[in-house]
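Got some structures for you, see below.
You will see two complexes here that share chain A, one where it goes with chain B and one where it goes with chain C.
Then we have the complex of A and B:
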């Protein structure tokens, strides 16, 4: 059993996994901003739709969301009269963006609400518009509350990217299955152990990045803003 | 295209898998809460060596995706169990362990790491002054736990425990990879017979959302009923 030969082959599929992850992170963030704004501002019907979307993203298993996107999106596209262009990869990107957006919205909304009520009132009384209020007063404080939850949601996203092989995207998991079958399924346990290490490392890196920003936040530790201090704090907290 | 005639027939079949899924979810929930409480206790009491072990456990099980843990358990648990049992001199074929047991154990292992966090948070929210007060009134530590600590900690933990119940429900859907039939796997099987994939999956989505709604409602009612009115 040669692990060292297996790792480069597994890593060759990593770009696809990362591409799906980053697409979901960026698109999901935009979706979450939109959903949170709609839910916070309480527009009659649209807010309820946003609520429904968030509960769909949070209460339905991710595998099921992937399958719904994989079978449902082509129908939707044909309905609007264009060509069916959905490969498994694109379906996975769309499904995970929606999942991540819904999950993240439930991180952002509590963070927004956790900002002291008086801060909202003060900004309103000074005549700030909604956008100015978010950008200058509430936003910076909410970011501080949201960061730990954001880190968690990124880690969950990385976990769930491991599921895209079920709709046929050729990611790291799918490559691992190919490798196992080539070895006549003798080394399944070992291959999964290697996979576990790869995913754990990805999560560790994501966690370290988020943690770095958490510690840099001036509300967290006003004194620890130089680089050396942040590094020390990172090591101490790990 | 989306066919509405098939919905009724399909949903009857898929609903048949709901009791099994709920039973598995409940078992997993109870087991993982017990394990998580033990972990939380270790961290709360700061027991030297065990504390580092719990930390390592949490790092591992939070970093590894649940599918991989399930597959590892599927391939690793029966041989390990066989080895343990045969070295203990018990004659039992562990390779015949039913798949749902393996699934429940794997999900328990993953969720316990998160449950530990929840229960630790609830324990930390407990006011130390109350335990001082209870001791000064001559409570034994058993009485303190039963009459003062547990009711408050359980109440604080209810919202997060509801979330983890939903996490478990969702995690069980990964069992289709090792041939355990829950709501999702049943919808896949139904769809594979008549090729109405989207219809079956939409039914499953609705069932999951309804279950989530019911569980949340029950938890909210429970929390309101138990909260001490001031």
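Then we have the complex of A and C:
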């Protein structure tokens, strides 16, 4: 049998890996935004709950978070009296969204706090509402500070998606194991190598996208502003 | 037009303002002088509620507010009629020079982009920054940043301009260009409160000098009264020490 035959087989599981990743990126972002807002505004009780959530997401091993979601969610659903519809994939999406959101909140909060107090003063003195100030001034600057950490958080997320096989989701990692077993474990090294390349490529693409936004930021050193310069800088950093 | 009464404010256990009284008439150009750490910046910030006094009242034409019952409408009304120029410039770092000037007009005053641009161009011309309109703050000198800050403040057409040591963070060779702009602004008749350590400059542009010391207004008078016949030992000592610095 040809070793390369397994590549398309592995790739056939990629959409699921990507679906979990993108769901976690989007839902996690929303969760992080919410948690960060609650944490920086210091609303009594609620801010503490947000703190608790973030420390759960950051300190409990991701594998464990997956198990908690996988075994916990059905209980929660029964509690609300509806049918058990939690597949491993959904449990994985929920768990990783929460994990990523908590992790990301610890990127967003310092980025928000890194924005100079004077920028708040200037916007306040001119009559900006809180929302206007965040949307026009503080948010864009915080994004600039957050981008490097955001890039890292995406990479960690991609790595952690590989753990969903422990709760039985059929991602590329799980598929690799199935292929290896079927092939009597002849091509273990080759399969893992292909897997490594797939993960490296996903991370590289994610990192390049984030880096692109970093270089495009107006707060960046002014040299890298033209398209050609951004391209060169990207190639150089890749 | 602006009257502050018995303003008190403390940070933790340190009393910063100990009952400040100050009234400003339309057209006044009043310079506030005094030792560092005496509460000059804090006092300016009380006017637009960037600092929150524990007690005292403010009256700004028809707007009245007791700081113990600060209300959002009054604060916003005052903020819309004042504009502040900061010691650290506080130009929005994510915007170009012209965006800095246009943004409050579009976002807060809801003017059209065209109108905002027109006003911004005029103000940038006035502070001599037309050629830098598309630069980002990271590309500008301190003097240019402060002139951007001044243009942004002027563009909102405030009734009162609040300058907080606008030249104190500048390299000496850049102080002149900013003072020139401020002189031009104050001579146009806009009511101004200026915290400064530039004594000669204060003397030349102000009709009033306010000496703050240890959290209160310790002297208030015309430049001649304050500089030529200081009424207290503390004031005389302060003027002497400032003089020997220059």
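Following the convention adopted for this analysis, the second predicted complex is superposed on the first by the 233 of 238 C-alpha atoms of A that agree within 3 Å, B and C clash if a C-alpha of one lies under 4 Å from a C-alpha of the other, contacts with A are read in each partner's own complex, and residues count from 1 in each chain.
Going forward, a residue touches a chain if its C-beta (ideal position, glycine included) is under 8 Å from a C-beta of that chain, and two chains touch if they have at least 3 such contacts.
Computed from a predicted model, the values in this text were never measured in an experiment.
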First, second, both or neither for A:122, with chain B first and chain C second: second
Which of chain B and chain C A:59 touches, first, second, both or neither: first
First (chain B), second (chain C), both or neither touched by A:7: neither
Partner chain in contact with A:76 - chain B first, chain C second, else both or neither: neither
Touching partner for A:132 - first (chain B), second (chain C), both, neither: second
Which of chain B and chain C A:46 touches, first, second, both or neither: neither
First (chain B), second (chain C), both or neither touched by A:30: neither
More chain A residues in contact - chain B or chain C: B
Residue numbers on chain A that touch chain B, as the complex places them: 55-56, 58-64, 67-68, 71-72, 75, 155, 158-160, 162-163, 166, 173, 188-189, 192-193, 195-196, 199-200, 203-204
Parts of chain C lying in touch with chain A, wherever the complex brings them together: 45, 48-50, 76, 79-80, 82-84, 86, 88-96, 103-104, 107-108, 135-136, 138-139, 149, 152, 156
Sites on chain B touched by chain A in the complex: 1-2, 60, 62-69, 71-72, 75-76, 166, 169-171, 173-174, 176-177, 184, 187-188, 197-198, 201-202, 204-205, 208-209, 211-213
Interface residues, chain A side, partner chain C - complex: 116, 118-119, 121-128, 132, 136-137, 140-141, 144, 218-219, 221-222
